[in-house]
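Shared between the two complexes below is chain A, which has chain B as its partner in the first and chain C in the second.
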Partner chain A sequence: MLYREAGDFKTSYPEDSQTFPIAFDRWRYWAVLAIAFLVIPFVINDYWASSLMVPFLIYAIAAIGLNILTGYCGQVSLGTGGFMAVGAYACYKLMTAFPDVNIVFHVLLAGGITAAVGAAFGLPSLRIKGFYLAVATLAAQFFLVWLFNKVAWFYNYSASGQINAPERFIFGTAVTGPSAPAWAQYLVCLVFVTFCAVLARNLTRGSLGRSWMAIRDMDIAAEIIGVNPLKAKLTAFAVSSFFIGISGALFFAVYLGAVEAGDSFGITKSFLVLFMVILGGLGSIFGSFAGAAFLVILPVFLKIIGVDVLGWPTEMVAHLQLVIVGALIMFFLIKEPHGLAQLWRLAKEKLRLWPFPY
Partner chain B sequence: MLDEGYVTADGRQIGGVMMDMRGITLRFGGVEAIKNISFDIREGEIRAIIGPNGAGKSSMLNVISGFYNPQEGEVWFHGKRRPPMKPFQVARQGIARTFQNIALFEGMTVLDNVMTGRLTQMKSGMLAQAIWKGKAEREETANREVVEKIIDFLEIQAIRKTPVGRLPYGLKKRVELARALAAEPKLLLLDEPMAGMNVEEKEDMSRFILDVNDEFGTTIALIEHDMGVVMDLSDRVVVMDYGRKIGDGTPDEVRNNQEVIDAYLGVAHD
Partner chain C sequence: MSADFLYGIEVIINGLMAGVLYALVALGFVLIFKASGIFNYAQGVMALFAALTLVGVMEGQVPFSHVINAVFGTEIHHFGWEVPALLAIFVTLMVMVLFAWLVQQLVFRHLVGQEPIILFMATIGLAYFLEGVGDLMWGSEIKTLALGLPQGGSLVVEDWTAGLGGDDFYGFFIDKLDMVATLVAIVLVAGLIGFAQYTKQGRAMRAVADDHQAALSVGISLNFIWVLVWSLAGLVALVAGVMWGAKSGVQFSLSLIALKALPVLMLGGFTSIPGAIVGGLIIGVGEKLFEYMIGPMVGGATENWFAYVLALIFLVFRPQGLFGEKIIERV
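Presenting the complex of A and B:
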């Protein structure tokens, strides 16, 4: 009953092309934002922040980034972990080199540096497509992780080979380091997620986004209508890596605090983010959130059910989780290649006609 | 232009030479797809390229739109020799085209597909688009207005928010035409716009082609196999066979050309 378009007349093109054309969707969006900003920070505790909310928000940024590259521009990438590592190490180097500058700038700059690195590794995409490109980005993944382990300059010659996030403050509150309160970590990530999501939405609905999608759907036709494939592909790599770099910087500085490239940004990370994008929905900002939420919540949910309720051994539940995620990936690839976002879209289509479908 | 053009049978004034193909030869390895062909396309005219299968018609269109660069010969556009170009650079010169087998962006809506036709006109930078409010939004609205006029013109208003993948064949052809028109091209290349259509759809498409030429003054070069359509629509016809040009002139001249008749009907061997 709530979800209606009848009587909601659009009288201008901006109104017609807004993100949420249906009034109810707009209200829901503002309600979610209000709860996220005004309610959750006051009730969040360490457990919920570190096991659910903070990783969810950070992975959502990474998923948005990969979705721009793979979902919108159609370039398969397995280098997400490596690019997150670039973001993390860039942020670390900036934090230690310029301790007086606010960390917000460090994170943004880390995103910018990752964008440059991503665009450089995107160059092969001009010649190769599909699986072959995936293999080329795989090379980026292994090269970058190797580089951060091998060259001591990146971890400031520390004995452990790890990088540790020094304590940094925003408005007098610690957001990194061991004494950072849960709500501050959460809020910082939330601000970045909101920023990235709005940015991604705007970029994907304009002429740049259309040129990406044109390349994805049919590159020959894209070229014939005037899309420069070089520009379209490299901007997709750059923008995608910008978001992934931000997520890597936050993953290191805010979430983990201490990082070793091979452990935290290995190939499994690339696959995890790719699974988020596939499960959530290729070519959808909402899908990035849905996929990230799903794959962050699933292990926690399974642990609660398996270990706490049923009393199964922890290792068994951990293995079971791999089985379930694998099965789900196959299920989605066969049954719903457009992921959770498509299920959501179909549900909304149904809701528009409910309770009187014709 | 030195020459003044000519007046067609139905009284339309045709202007000077817009595109001049001079001695084009295109080879794929040892195969000569096009052999030393010259012809011109004049301002405001509907120019047809016909010929049996494998005659090199599509290759010719691909030379014009920049997919292939000929080994020999020159392409002159608006009185200037065109250097070898990539297809997207050709598009920016004001040449748009449709494909023999539809080349739409299946994952996007009709509206988005047609909006991609405006990409050459949309200039706002990445930062402006990321902020959206202001320059990017104004530009989007201005281009949307142009696109909506074309959507009205081709009578596809009802499907503008439908993903292209869900549309039937005839409508897809029309959307592809809309996308090409959205670029407001000076020269429109149509590669078999009526292939696989029934009589009514062909009539619709013919009407749209004539209307485009009439209302926007767009010069059109088309490849088509339906002789009735070609002879009715076009002002001048180039006939190709085995990569050679065997005829060039008004539909009546071409119809009575012995070499053309031989190519289409075959020659008696005695």
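Presenting the complex of A and C:
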């Protein structure tokens, strides 16, 4: 009854081309934002922030970034971990070099630096396609992590080889460092997520996003009808890396506080983000959120069930988790190769027609 | 001849031997990719699983023993017998064939006609699954593979070549295991090529690799061929697992050799068996030489990324790899 476009008359072009054409969707969107901004910060505690909400928000940014590259532009990348490392180390260098500048600018600048690095590693995509490109991005992954481990300048010559986030404040509240309150960490991530999601959504709706999708669907045909593949592919790499860099910077500065490139940004991170994108749905911003939520919640859920309720050894639950994640991925791919976003789309379609089947 | 030059040659020889091991893993990839278009990321984990199973069977471990112990509070670990190596290898091979059949029936049969990226993701899921199952079945501690393969440097070669250089050259240091691995790899590749060329199933396999629909229309069962191909990949995985396992112990890091095999594939082309071998040798020699000559200047451990960067630079000039089929694109 509620979920209808009937009776919702559009009288101007901007109204006609808005992001959510159905009134119920618009209300839902504002309701979700209101709850996220006005309710959760007051009820959140340390456990919820550190084990669920903050990693979810940060991975959502990374998943949006990878989704732009893989889902919208069709370029498979396995270098996400490496690009997150670029974001983290760029943020660290900026934080220590310019301590007086607000951390928000550092994070955005870190994203910009990552975008430049990403575009550079995207250059081979003009010649290489498909799996060859996927493997080529592994070069970025391994080379960048090696670089951050070996060149002491990146971690300011610290003895442990780790980088530690110094304490930084926004409006007088600490957001990084050990004394940062949970709600502040959460809010910072939330602001960035909202910014990134709105930006991504509007980019993919515009001419740039359309040129990406044309390249994804068939690059030669796209070239013939006048899409510049150089511009489309490199902007996709740059924009995607910008988001991934932001998520890497937040991952280091807000979430973990201290990282070491090999441990935190290894190849497993690349696969994790790729899983989020595939499970959530390629070419969907909502899917990036759904995938990130699913893969952040699953291990926590399994740990609670296995270790706390059934009392099994931690190690065994960790192995069981591998089995379950692997099996779920295969199951999802067989049942719904277009991911959670497709289920959501189907549900909305049914809702629109309800109570009639067709 | 100067000692430095000779040490350079030694590095090249060792690189060639390491390259053979990379090529072994890459072979498994090529087999599956050619016949079914699936880029099988799980190949490395299959090698790990095969090696784990081999050790477990030989030592007479009870599968899933620590799961059973944890859930039911029992204390079982071993059957109390030891299986001779050859029989254990046979049993492991049967397990790999069963695995191939299950994979085909439960997963990839339902994914026929999907996009390659979806198939690739499915194999990553398979890799996670198999890794978890392997750990649950046989435990995750590092195991030693006691097949009686020779270990350590070969004294014969060392004595033999010591006379080549001056006083500060002590002869080539070559691992006996690497020599065995090279021999086994040669036999395996010869066997595979013979199988593909001269047997009925081998020909059917090549027909499927050429064109699925044409193969179907002359009465070749795709399902059977795919099970066969996965079984062959299982065999290659077993050999690779035994060789790597004997070298560095059977442990999780074994599954990471799959990642090392990827640049090998890129160099050689995804569809070419000779390509996998030549690519493996180039990568093996290249990364050892680079580490020996440039490594000390930049802080070492260049082996982590050199292969990828080499393959990347190479691909920019030849996008289909050395021996890959020419990519023809039409709109």
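To be clear about the criterion, the second predicted complex is superposed on the first by the 354 of 358 C-alpha atoms of A that agree within 3 Å, B and C clash if a C-alpha of one lies under 4 Å from a C-alpha of the other, contacts with A are read in each partner's own complex, and residues count from 1 in each chain.
Keep this in mind: a contact is a pair of C-beta atoms (placed from the backbone, for glycine too) under 8 Å apart; a residue touches a chain by one contact, two chains touch by 3 or more.
Remember, it's a predicted structure, so these values are computed and weren't measured experimentally.
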- Query: Counting only touches as set out at the top, which of chain B and chain C does A:25 meet: first, second, both, neither?
  - Reply: neither
- Query: What's your read, chain B or chain C touching more residues of chain A?
  - Reply: C
- Message: For A:313, using the defined touch cut-off, is the partner it touches chain B, chain C, both, or neither? Pick first, second, both or neither.
- Response: second
- Now for A:124: first (chain B), second (chain C), both, or neither, which partner does it touch? second
- Touching partner for A:218 - first (chain B), second (chain C), both, neither: both
- Query: In the superposed arrangement, which partner chain does A:336 touch: chain B (first), chain C (second), both, or neither?
  - Reply: neither
- Footprint overlap on chain A, where chain B in one structure and chain C in the other make contact: 218, 220-221, 224
- Query: In their complex, what parts of chain C are in touch with chain A?
  - Reply: 39, 66-67, 70-71, 107, 110-111, 114-118, 120-122, 124-133, 135-136, 140, 259, 262-263, 265-266, 270, 298-302, 304-305, 308-309, 311-312, 315-316, 319-321, 327, 329-331
- The answer for chain A against chain B in the complex is residues 12-14, 17, 199, 202-203, 205-208, 210-211, 213-214, 216-218, 220-229, 235, 239, 283
- chain B residues touching chain A - in the complex, by the definition given at the top: 65, 67, 86-88, 91-92, 96-97, 99, 103-108, 112, 115-120, 122, 124, 126, 129-132, 136-137, 139-141, 144-145, 148, 179-180, 183
- Task: Provide the residue numbers of chain A that touch chain C in the complex, in ascending order.
- Result: 70, 76, 124, 127-132, 134-136, 138-139, 142-143, 145-146, 149-151, 218, 220-221, 224, 267, 271, 274-275, 278, 312-313, 315-316, 319-330, 333-334, 337
